[in-house]
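Next come two complexes, and both contain chain A; in the first it sits with chain B, in the second with chain C.
Right, the complex of A and B next:
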């Protein structure tokens, strides 16, 4: 069916208009706000404060490191789960039950999830209790209000997004290719490395980008799980807006975070695209 | 058109008109009503405001077609809203904490309150009536609170000082507000002063807190209740009035006033500059600072009423921020303008020297 020009404009124009209204205009206003101060008028002073401060870069690096760890752990766990669901869970009812359990965190408030993790990770919480019962540790681990605790809670929150993204790609892999690999003498591991994983890279890339972007900007989970003892950049932005009332500096921090995240995502996409095309090259 | 068809069209039009009139009747009624838009606080604070101010106001003025709609929120979010709506406000009345109220005045989002429209000001203590340099009233207090301390009744030695937070037996089992909490900055300034520092020399308090082995600096008050319920926390700093309310529910918490004293604050009601319903908003403000409403807030939230002659039950009197026998005169209310001028620096030093250490 041919798409008329009018319909194409309507189909493309509507989401563009929504993006412009809900994202473009507020972002533009924030960018303008970052370049303005009540005392100095139009100025780059807010960006100067950030660029010249090792402290802010330190917090930014801590945030990016946390997001990278969460992305990596979510990828490992999410890929394993998605692979199991797609290739080994053949019972339709069981598969639906597993999907339902997996997506439960998406229907639950991040605040409720965080409070749940506070109970789980505390000195007398379930995790320390189990580890001690199994004889793995003698003393409770200091999991609560630590970077480890924040990473665990964020990983749990992000896991459904990774599983759903990867499993949708794994499901579309032509099983004939896997059979061909087996016919040519490839064992399960070799088939996974040479066929399945390269074909699932688009899902890995999309899932990782979603999880990384959401982890970098996450506020609720880090603010509750850090116990105020660690800072991520979103908490600094919140402080500037809601405690210090310095909207200009808060906006500048947001813009810097956005630019740095875009650069990292760009590099990641290019690297993944190249490795993906290399994997397809005949040898 | 046949007669039957004509009749059918007429009947359809009449039917539609009848439906439209019936549907629009409630709307027409609501158009005759004046709705004052106010903010409120959240959680138990909002519950108390609803019970003591908003619901009784609606009951009293229902016959006059006047009502109030209150949006729950934090003081800081209210200030952000006032700033963003400065050119065309939708709010009539704002409730802001001390400190944020001064910031709102500086931002030029508050209007002067006329004494002749708010006669209940006459019942209030002068300390609860906030005026600009030119004598214009920009805020009225609705109750004082204090940021004090609490301990778990299971501890052996009853604590009586702020410095008990640093005792080895409480290492990792104490709790203190983070910068996201309104009382954080005044408490830090207060403790710095006790330690011999000044607003321009924060070293004493920052050095002291850098050595504190705290369980957490709480970002949300709900965390305090969860920590108390779990029994993990033995000592901490919290609103004294809310700690009393938690103790009333059976949680293991005993509020106390440290011997060094406590920093105080208050909740205030303000008239928004350019309010769409200014006169009606002043009616709400007058109602909110009436002795009935202020005494009610004192009974429900243990807020110290800014009244010349408060009427309190013995139960509430024991839980006042100034103690059972004190008065508003005994409170250490901070110099908010000085604090606001140094707010960014205090938060910045805290982040650099205490957090992520």
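Right, the complex of A and C next:
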């Protein structure tokens, strides 16, 4: 049933109005308040403070580094797992169980997952217990409340998203192309490098975009897993609003984080355009 | 052959990585010690009994359930309508509107959380049930829109046309022909909405006050100040919730289908 213009406007009106008043306007008001301070009126002072602060740049760089490490590790682990699920896991029940294990973390609150990782990484935690039982270490590893611990837990929460994104692209690759490559003498490795991987690039790009954008702005996992010893941007924003009560400065920091996200999305769309124009497409 | 074995054992390792923290939570929640202990000592359901008789935890738990129910109903009404029009309508700016509806998926939730706090403070309804509902709707709406769009993309429109040709009015056609066929997508979208509202921290943390604390925010407070087996029991309940939702999703739609509709 095609909709007439009038009906479409009428039906879409309410959800659009809700999005505008509950999403657009709050963000717009925040942008305005970042340009305002109680003493100076309309001003760019909040942004000046950010740019002039070595402390802020330090936090920004640690945040970006964390997001890059998490994206790279999720990509490597996630691609391999997705490849296995799509090309080697044919049993229907096993597949459903694997999917269930994969999405349980996705459906569980990030706090609960972080708590799970505290139990895993602590000095008397599960990993140190197992490593000692196996005789690999004799002194407990100091993993909890370190950048490594944050990265392990954040990678964990992002892995399902990466696997699902890549597997849905791998699923749609025409198997005829893989058979053709094999017929032409391509071994499994050559087929992967020349056919499968290039065709899966849109999935790689999309998965990396989602994971990087969500890692840059992640709040719950870093604030619990850092134990207050390390900072990322979102924790800085939280402090401004809930501890320092400097809404103007907090708003400016939020806008900076938004801009960082937009830059990531911009890079993504350029990469995606290139990868889809170079990838060979069956006509 | 070697490649298969290598890949298979790697996948097995990954699945252990995915399951390990959750299994450890369950293990710790049955310890008879008063402190966190892995491996657990003894076996007791005492911590669960304590959890269900703790008024603080229970208040937060029921608040989160009430909130998630209200948010899911409103998000379904708005999201299915929006998804339907965006998939069927033919008008300028359609793609831009779709992108706007889906944008909360990649934009920083914390940023939206503080924007919502400022907005609600200025309008005088901050720290209320209403502000929680509004914030949560924006965050879960994309999931409903996306599953509706995905389901409608595979939809065969001939039955709709038949109903219209036979004289059914558009609204009747939608209720009797379209809705039953996109039911699975709506159930999946509703489950996503419920779960992501139920587990949200980034919006709720800015809207909570003493008498109005959602379950995840309560857990967030606890995890920073007191780590004990009671917290493990509370966390285990949350994991059980997730597992129940997944089983429901599998029964209603089939897991692979629900996920490929993403």
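Everything that follows uses one rule, which is that the second predicted complex is superposed on the first by the 243 of 283 C-alpha atoms of A that agree within 3 Å, B and C clash if a C-alpha of one lies under 4 Å from a C-alpha of the other, contacts with A are read in each partner's own complex, and residues count from 1 in each chain.
In this text, a residue touches a chain if its C-beta (ideal position, glycine included) is under 8 Å from a C-beta of that chain, and two chains touch if they have at least 3 such contacts.
Since the model is a prediction, treat every value here as computed from it, not as a measurement.
Superposition model on chain A: chain B and chain C are shown in a clashing arrangement. When the two complexes are overlaid on their common chain A, residue A:26 makes contact with chain C while staying clear of chain B.
Once the two complexes are overlaid on the shared chain, A:244 sits against chain B while remaining clear of chain C.
Contacts of A:224 after superposition on the shared chain: both chain B and chain C are touched. In the superposition on chain A, contact is made by A:110 with chain C only, not with chain B. Within the superposed three-chain model, A:118 lies in touch with chain B and with chain C [touch as defined at top]. In the superposed pair of complexes, A:180 makes contact with neither chain B nor chain C. Set against each other, chain B and chain C differ in how many residues of chain A they touch, and the higher count belongs to C. Once the two complexes are overlaid on the shared chain, A:216 sits against chain C while remaining clear of chain B. Of the two partner chains, chain C is the only one touched by A:95; chain B is not. Among 116-124, 134-142, 170-178 or 188-196, the region of chain C with C-alpha atoms clashing against chain B is 116-124. Residues 111, 115, 118-119, 122, 124, 224, 238, 241-242, 247 of chain A contact both chain B in one complex and chain C in the other. Contact residues of chain A toward chain B in the complex are 55, 58-59, 62, 111, 115, 118-119, 122-124, 145, 223-224, 226-231, 236, 238-239, 241-247. Residue ranges of chain B in contact with chain A, taken from their complex: 74, 76-77, 79-80, 83, 103, 178-180, 184-185, 214-220, 222-223, 226, 230, 232, 343-344, 347, 351-352, 355-356.
Interface residues of chain C facing chain A in the complex, by the touch rule stated above, are 3-4, 7-8, 10-11, 14-15, 17-22, 24-25, 28, 36-39, 78-79, 81-82, 84-86, 88-91, 97, 100-101, 104-112, 114-119, 122, 134-135, 137-138, 141, 157, 160-161, 164, 170, 173-174, 178, 195, 198-202, 205-206, 216, 219-220, 223-224, 227, 231-232, 235, 238-239, 241-243, 245-246, 250, 255-256, 259-260, 262.
Contact residues on chain A toward chain C in their complex (touch as defined above): 1-3, 5, 7-8, 11-12, 14-16, 18-19, 22-23, 25-27, 29-30, 33, 77, 80-81, 83-85, 88-89, 95-96, 98-105, 107-120, 122, 124-126, 129, 156, 159-160, 164, 168, 171, 188, 209-210, 213-214, 216-217, 219-220, 224, 234, 237-238, 241-242, 247, 250-251, 254, 257-258, 261, 265.
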